[in-house]
Amino acid sequence: MKILYFAWLKEKTSLAEEDLSLPCGVSTVAGLMEYLKNRGGGFADAFADSTLVRVAVNMEHVQTSHPLNNADEVAFFPPVTGG
Amino acid sequence: MKILYFAWLKEKTSLAEEDLSLPCGVSTVAGLMEYLKNRGGGFADAFADSTLVRVAVNMEHVQTSHPLNNADEVAFFPPVTGG
Amino acid sequence: MIRIQTKDFDAGAEIKNLVSGKGNIGGVCSFIGLVRDFSASEQSGEKITAMTLEHYPAMTEKQLEKIETQAQERWGSIETLIIHRVGRLEPTAQIVLVAVAAAHRDVAFEAARFIMDILKTEAPFWKKEEGPTTSKWVEAKASDIAKAGLWEKK
Amino acid sequence: MIRIQTKDFDAGAEIKNLVSGKGNIGGVCSFIGLVRDFSASEQSGEKITAMTLEHYPAMTEKQLEKIETQAQERWGSIETLIIHRVGRLEPTAQIVLVAVAAAHRDVAFEAARFIMDILKTEAPFWKKEEGPTTSKWVEAKASDIAKAGLWEKK
């Protein structure tokens, strides 16, 4: 699974992108967010308030209940502000 | 009084512009239109159906009941089609 | 700002000029009207080869200024530009540019549409279409009169 | 048509290119978004000196194509163009151009506004504002989310 971080999530995690095998017991976006938050440090900070985080799986906006598999590209970012 | 004709009113009357003293007994746009129509020829043709004709007095759109005086600039034209 | 001219315009340059040096502008909505290659009269839809635009110069200026003033009264702080061409134009030629610059996009979109709708029924321009064999004056559309009327009720 | 680029664009040339050779186009509505010199966050309204736009390239393309397709499904025969800049931009710089060409002006106005409203909530761009002393990420506006939502009900 490829994970991407944008805007202040990239800054807080100090990471733009990483490869990760779906952790044991994680089957949804919400589960992955909980897993990442438990890494502590910048990750705990980035995922402290999950209501501020938006998610895309395979470049489509999804809810945190969305299921995950190892081939997915998952992206975490704040609400978009383009235009 | 200055009278201007535009678009097909100019073509039918064969006139772009004329100076005219307010004819005796004419006090409104409607009266002037009746007067012009009674000139016959192209004028009778141009003013045959007064519902097709729009009027401006001193460059403001008006109804045919609008009063006239000798200092006015009166223009006759079809409904506008710019833009 | 209002300009009536026979020559073409560069919409990009005109818009840049409209907003030049104004840091409070968040967006510009513009509309460009073009000469189509078929008749505006819905019954015929015939091919047209050119169009000639006639106007009543002093009244055009007066009416367009009035429309700009109305838009400014309605939406407050906006910058407006209206350029309208006259004379003979061929299909795909630009006829009109209306641009509104504002702090926020909603105002820019609404004011630009307002200006176009009112221009269509108040500004004294007339179009004559040339077809392969005949030429004729374009008739005003009832739908344009209805659209302009909607702004009165708001 | 979609383009993401760091360099500026010439809206007039882009619009001419969009309608080039198409005699059935009666009008083009376009919107240009610009960098303002004050903060987007309504509480502060502080001066900003620059703005940096970040994006998620592959998803941006996918989402903008989806928006164009939705507009085409909704309004039928239209030509659409979206150009969005990324990178560091200073006040008064152009950020985005959305242009819609159609046979009639209502469709052009509505589809352009639709594309802007949906782009604001779906396309993965993020703005970071630089002020004289600090820099901060722009927060999404509830009003933008509400506007995008209105299109769902229609």
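The chains carry the letters A, B, C and D, assigned in the order they are written, with residues numbered from 1 in each.
Keep in mind that, in the parts below, a residue touches a chain if its C-beta (ideal position, glycine included) is under 8 Å from a C-beta of that chain, and two chains touch if they have at least 3 such contacts.
For clarity, every value in this text was computed on a predicted model and none was experimentally measured.
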item	value
Joint neighbours of chain D and chain A, given as chain labels	none
Both-way neighbours, i.e. chains that touch chain D and touch chain B	C
Most widely separated chain from chain C, with each centre as the mean of CA atoms	A
Centre distance in Å when chain C and chain D are each reduced to the mean of their C-alpha atoms	23
Interchain centroid distance [CA atoms averaged], chain A/chain C, Å	48
Rounded Å distance between chain A and chain B, as computed from the means of their C-alpha atoms	73
In chain A, residues with contacts to at least two other chains	83
Chain D, residues touching no fewer than two other chains	33, 105, 116
Full enumeration of touching chain pairs	A-D, B-C, C-D
Of all residues in chain D, those that touch chain C in their complex	10-15, 19-34, 36-38, 91-92, 103, 105-106, 108-109, 112-113, 116, 147
Partner chain B, residues of chain C touching it in the complex	33, 40, 53-56, 58-59, 62-63, 84, 95-96, 116, 119-128, 137-140, 145
Chain B to chain C touching residues, read off their complex	4, 6-8, 56, 59-61, 75, 77-83
